[in-house]
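Chain IDs A, B, C and D follow the sequence of writing; residue 1 opens each chain.
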Amino acid sequence: MMKDILKRLTEKFPISEIEEQRANMIFVTMPKINAVQCISYLKQFEGFTHLVMLAAVDYIEDGIFQLTYILHNYELHTDIGIRVQIDRKQPVMESIHTLWAQARTYQQELKEMFGIDFPGSPDIDEPFLLEGWQNIPPMRKDFDTLKYSQETFFPRPGRKHYDPQKYMKEKLYPDKEPE
Amino acid sequence: MVNPIMIFILFLGTAFLFALFDKIHRKFSFAILQLVLLINTFIAGQWLYKFVFTSQTPVMIFTAGFKPPFSINLRMGLEEAFILFAVNFVGLLSALYLSKSFKHSKVYPLVLYLMMIMGVNGIVMTRDLFNLFVFLEISSISTYALIALKENEQRLASGFKYMIASGLASVFFLLGTIFIYHITGTLNIDQIITHKSFVITSLGFLSVFTLMMSLIIELKPFPANGWALDVYQTTTSGVVSIIAVANSAGVFYAFYKLLPLIPHNQLLFIAGIGIVSFLFSNLIAIKQTDSRRLLGYSSIAQIGLLITVTALTRYLHVKSSTSLFIISSIFLSNFIAKAGLFWIAGIIKKTHIKEWAILRFKPGLLIIFGVFIFALVGIPPFPNFWAKWDLIRFLALSKLHIWIILILLGSLLEAFYLFRWFGSIVRSEQNEEQLLQPAYKTVPIIIFFLLLIIISIGIPIHIYQFDILPLLPIVGLLILSIFDFLPSKLKAIISMIIIAGYTLYIYPVLSGVSLVFAFIFLAGSFIQLIATMSRKGTDKGFFPLLVGMILSMGSLLVARSSLEFFFAWELMTITAYMLVLRGRKAEKPALLFILFSLAGAYLLLSGLSYAHVINFSLVGLGTIPISAHMLPITAFILIVVAFLIKVGAVGFHIWLPGSYAEAEDDTTSFMSSILSKTGIFGMLILLLFLLKMNMHHSALFTSMLGWIGIFTVFFGSLMAIFQEDVKYLLAYSSMGQLGYIVLCMAAMSHLGWVSGLYLAVNHLFFKAMILLAVAGVISRVGTRNMYEMGGLIKKMPYSFISVLIGIIALSGVPPLSGFGAKWLIYTALLEKGWYFRAGLSFFASAIAFLYLFRLIHTIFLGQPKPQHQNVKEASPFFLIPQFLFIFAIMAISMFPNLIIKPLSTFINPYFASTIQWQGNTLYSSLGYWNGNLVMYVTMGVFMLLLIWLIISIGRVQKVKQFNIVFAAERPFKPTTTHFAHNFYAHYKRALGTFVRPVTTGFWNGVGEWISSAAGSIRQIYSGNGQTYVLYILLYFIVLYFIMGGK
Amino acid sequence: MDTPLVLKILYSLISLAVITIWGLSLGGIVRKIYARVQGRIGPPFWQPFIDIIKTYGKRTAVTHGIMFFLGPVFRIAGGIGTYLFIPAILGSTIFSNFSVSGDVLLVMYFIFFGQLGMALGAGESGHPYSAIGVARGLAQMTAFEVPFALSIIAIVIQYHTLNITTIVLAQQGSILNWTLFTNPLATIAALIALLGMNMHNPFSVVLAPQEIPIGPPTEFHGSYLALMQTNRGIFNAAKLVLYMNLFFGGATNIFALIIKTFSIYMISVVVGVSFPRFRTDQSIKFFLFVPTLIALLAIIILVL
Amino acid sequence: MKKDNRLLPNKDMPDFERDYFCDAHPETVKPLKGFIEKFLNWARANSLWILGFGTGCGAIELRPLMTARFDMFRYGMAPRPTPRQSCVFVIGGYASIKTLKRIVRSYEQIQAPKFVLALGSCTINGGMYFDSYNTINRIDHYIPVDAYVTGCMPRPEAIIAGLRKLQELIKQGKAEKANEYIENFEWYKANQKKVIKDWNMPDYNW
């Protein structure tokens, strides 16, 4: 089944990479311009009617954000993930709130946390979790959260840091020699 | 004395010479025409004067020097003189009205016009059958020619239909004449009448039947009258007014002349023909949108009524002077009003009744229009009112119940469409348009208007020997109308002076319960008049009506006869209607108001007629004839229902909320706190009669009345809690409170009546207070929806105080006066043994808390709205009366004996007292109550605690509206933070079934049924000439067999 | 009656003090019982007193306006007034209070005094929850007043008087003379109404701490709250005394009063711990159905 | 009922909202002297009404206090649904900035005298969220804390112990942090405003 779907997909869309994670879960990577078209195709013709999630990963070293749309087919009980890589310098992606209204929430979150814009998505500029955030989006890898915390939140002096592994070993098995 | 034959000579002479005159100049010929009509009017007027003011006997004029049957003779009596005068006068005015079209037309119309009037004159005077036929032909042919003169396809068609119909009628007439001549050998009407026994033979019957039928067809009975309606619709208004009034008058008089030929047992059939015409024409008129056609239906209906009344009075052998009075009053009302309305139609030049709204910008013409409408409906003091009064009285006396019902029903239908029309004009949104009011068109209207007014004032004074007392409301209304140009504040002061003067004037005759009601009606109005000073500008028309209404309520108190009572009642109704109609969106509610009020008035009228033995007034209580110990049950029910409608008892309440709410804000307080009590006053009088006279099952009736009262309380209160509009809420609340009064009155015990009156007075105080406060609030915030207000306590603290005191007094929470009412009510009910009613009223009074809290919370408490940031306290004119009422409430709360003691002395003559005083404590047979002590204890406890709170609370910071604990959030919008809309949603879920609009649905159903019936009946008028002829023939045949032709 | 006014006031104050202490203790005792039923130790029975002292001891307060300030005063004046218009103990001068002011109708209506004032105060706070609470409370009140009023009517039919003292007198002699036994239906209806009056479960939706943080008093604190807490004791006791007088033969001494009011209160407590909560419309329907029918039956039987 | 004339600047609020909020500056109210204050403190200690506002994961540890096993009622403690009527504010662990805003608001709405009990490491030094961009490290820089309970999370027993400690402090008259907050109002406000960027409320929530 999945094979057929995949076959049809490859015929229709320029898929660059296929990763079969499980028998009922595959990930396909495709260019930004085809992604929404593909998602829409999957929803309308292949029965992937459920948007499971929309997430992003910051690959700062490659200069890209990778968006992952996971869709679910209730009849076949299969998931398909569409991976899209977008330029980190121009983080703009087409909105899919027209396909699933709830997608606006994901997109709102991505806008706030990664700064990825989805033009046209409702309330895209409203704060999602952070009220009045003024720094660069906090989930980007170039945001130094420790530094920010130390500058902003009055760290209490005298805080000690331990390596958890070493510390637990010392506490629990003080007699044993370190390997 | 000028010989009446001169009339014909003048007519004929000028008609023949007219072509000659016209050659000289049209102005000259027209002047001749006017002159002829003027002279004729003068001749008729002279005769009329002689008949009315000297004991002149009718005169017979023999034309050829022979006595009948060999020659034609004319008769000049009171009736003839009256009709001739009217016809020639209207001819004269109509000619004036038509002067412009006469000027530009050929000469023939002038001649035809003269001929037509002459024809009518002839019809009226002649006593010869064949001669009558000739005159009928003259008038109808000239009418036809007049109709068809202007070459317009529609007019030609309608003229043609007219000709066919009148031709058919002529055939019948001629046939009848021939038969009669064959049987009796004479054509002289008087001689025929003396030998009228021939009618019992079948040929005799047929001959008389055909004769009468032809006249009746000329009088346009339903349904054989389609041709006439087309005429009314298409002809120019000057001509149509002549056709509708003068022509009809002539034919009607011919009918009147020949009526003695009808055997006594057949008279009811004739009356039936009339009543069918009356009812159905009025019914169909409801559906009309064309103004002339509507007026046409109204004319036909009125003629139908005239036929009925004439036949019935003859059937009942009513004294001729009385029957003449009734007939001529109806005749005159229709004559003047209809002619006037058709003339106005000619000025408006709009066909659709809604387009008449341009009248709104011509106050003078609008007033005249209104007066004509009122005259048609039979509002006092117009002639129709008196006719109706006498007529119904006779019918009731002879137990012709069905006829009473039908006549009143028809009148109600008529009132419906006429008032609907009036209301839509007054309240329409249409823009101003240029309206030409040429003098030659206006003058006739004004003359008729003045004539109507003079007659209307003359009748009560001359015929019913009214002195000034019952006419004072009209006098007050007129005085204020004269001062109408003054600014409102001044007029309010004048009104107050008038009312004070009136009160002083009638004070000597007041005593006992009438004193209580005088206090409510007059003192209450006096204080509330202060609030009307807040009106800006001159506000024309308000004060005259208000003073008229207040004084007519006063008139109710001092009425000395049933007629005076009814007169005042109707005056009050109509002024109140006009006041309601002043509200911006009051068109529909006002119509409902007047419909229900008129229905109530008609019920009252018929009730009073059935109870003719009693003199329905406070004075009359002392003069019950010993012979009349039985109060008829029908009368009782009719009268009580009339009053129940006035108080808005459940089932009849649908007029109440709308008209209270949509009236202007200060008017509402008059209506709710004062006007509604008139129903209570009436009921009180009725119950007093009930006490003095026996009636079968009187206990059962009062018990039923009690249930009606308590259900009114219950449903009124329940409806009130679901209203979003503050005035609707208060209107339903009034309904509930009046239900309590009805309940108490129905208890027929000392305590019951004391509590009823106590509540009536108390209701005046608190309801006027709340309504004035609310009026002040509305005037500032500009909305009536409670959810759009909020937090106004900070902006309008004084209004808040009076609403607060008002709701405490209303809800019956001690220590304020409301509790006194509650205590009295429950004690009375329990004493009486009405336990379930007591339980239900407890429930209702708890429900009252709901709407009262909603009232004060959503307006004054909660979140203030940003748009009301700059709202100021209401005008002091609103506040002064409120504080006077607060003072009154405080006084009777502190010292309940101030009010309960006098009330109980007033009731003492009627019932044995069951309460007694010990100091300030009031003891009943069941319990006791010391209002004074309650007040002191409450105040003492309250003050002590307040002092303790101030001491113990420490630092207090005054905070603002958003400083609330909002689940760790903060509010953003006052609108969404203010919990106000659909306040009692949960209550609706629980008890919503009780407030389904069942009653409204029922009345809507009645309305729809009537409307669709009218719609389908209207279908019979196909507009097709042949069909109309067929109708006439069928009508003839069917009636022939119904009336027992063989 | 013949007692001088000053003495009368003094007596009333004593009577009031006793009933306040008893009313508050009653609340504490019930909390203790609740705790014991649930296997807890629970607060001491004087906990209400500590709470009130603490609440009076609050140092700061805010006010939303004059009605907000006066609301609690209305409330407690209503409670005290209600008590003062009931003769608490038969034959006692000290505990006869100001019952000369009026009969049972006065007491029934004076109950509204506090509720109305409180509702107004809560309204001025501008808090939507207060208004919702009031809307619910008033709605429920209209419903439970029906069986209550009907059972009072039944009593009036039975004793031909509205005078509380006379009603109590008529029940003297034997325990079987109590209305409870002479007119059990009316008593049952009235007791069900009492559940609503006390706002115990299943009729506690008015206060509903979870959804509309305790309803009408949401914004009240400090001395306001203390006054209201005091009132809760007094008002509760006053209602119990009224019920005792009307249905349970009244009291001839203070111990009888304490035992009887405690027992009556326990009825609603027992019901309260055993039931979940009605929605407002459900409780309205319930009150207008079951207890109302019972009360109507009581009246019908008496009339027949 | 002394009227104070100091007004808050409320400069972070838009003009049209100023009319909605009270802008009076809070004032300290000194405790009474001698026996009365001691008596009142005793009463306060024995009637601790806890604001039912779970600000972090520690809130779940508060619930067992109501149960028969821990039964906080025996000490006169009770949960209370509205800040107006409570006197103890239990900070239940980590406080995100968003929550901090609500904490400040609720704290200011509690009427004096008021006490704060902070639970868990997160309130002390940020705990495991010390490096989060969105979680404050030390609650006592934003509102004054009367007592801390350590642990991640502290068990209900520990919380009871903390509350008992608080009771002792109150009885000794040492729990006057509410006045401290007012005295150092500017400092606290500055700290609060440093982290709460969209300050859409008045400077003091009455």
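The working rule: a residue touches a chain if its C-beta (ideal position, glycine included) is under 8 Å from a C-beta of that chain, and two chains touch if they have at least 3 such contacts.
Remember, it's a predicted structure, so these values are computed and weren't measured experimentally.
Asker: Name the chain whose C-alpha centroid is most distant from the C-alpha centroid of subunit A.
Answerer: Of all chains, B has its centre farthest from that of subunit A.
Asker: Considering only C-beta pairs in contact, identify the chain pair with the most of them.
Answerer: B-C
Asker: Centre to centre, by mean C-alpha position, how many angstrom separate subunit A and subunit B?
Answerer: Centre-to-centre distance between subunit A and subunit B: 79 Å.
Asker: How many angstrom lie between the centres of subunit A and subunit C, each centre taken as the mean Cα position?
Answerer: 61
Asker: I'd like the Å distance between the centres of subunit B and subunit C, where a centre is the mean of that chain's Cα atoms.
Answerer: Once rounded, the distance between the two centres reads 54 Å.
Asker: When the C-alpha atoms of subunit C and subunit D are each averaged to a single point, how far apart are the two points in Å?
Answerer: Distance between chain centres: 36 Å.
Asker: Could you check subunit B for residues that touch two or more other chains and list them?
Answerer: Residue numbers touching two or more other chains: 953-959, 961-963, 965.
Asker: Of all the residues in subunit C, which ones touch at least 2 other chains?
Answerer: Only 58-62, 213, 218-219, 222 qualify.
Asker: Inside the complex, what are the residues of subunit B that reach subunit C?
Answerer: Residues 791, 793-794, 804, 807-808, 811-814, 819, 822-823, 826-827, 830, 833, 835-836, 838-839, 842-843, 846-847, 849-850, 853-854, 856-857, 861-863, 921, 924, 926-930, 933-934, 937-938, 941-942, 945-946, 949, 952-959, 961-967, 977-980, 983-984, 986-987, 989-991.
Asker: Looking at the complex, which residues from subunit D come into contact with subunit B?
Answerer: 1-2, 16-17, 19-22, 24, 27, 29, 53, 82-84, 102-103, 105-106, 109, 200-201, 205-206
Asker: Which positions of subunit D touch subunit C when the two form their complex?
Answerer: It is residues 22, 29, 31, 39-40, 43-44, 46-47, 49, 68, 71, 73-76, 78, 81-82, 84-85, 87, 111-113, 206 of subunit D that touch subunit C.
Asker: Any idea which subunit C residues touch subunit B in the complex?
Answerer: My answer: residues 56, 58-67, 69-70, 72-74, 76-77, 80-81, 84-85, 98, 100-106, 109-110, 112-113, 115-116, 119-120, 123-128, 131-132, 134-136, 138-139, 141-143, 145-146, 149-150, 153, 156-157, 160-163, 213, 218-219, 222-224, 226-227, 279-282, 284-285, 288, 295-296, 299, 303.
Asker: Give the list of subunit D residues in touch with subunit A in this complex.
Answerer: 97-98, 101, 124-126, 130-138, 141, 191, 194-199
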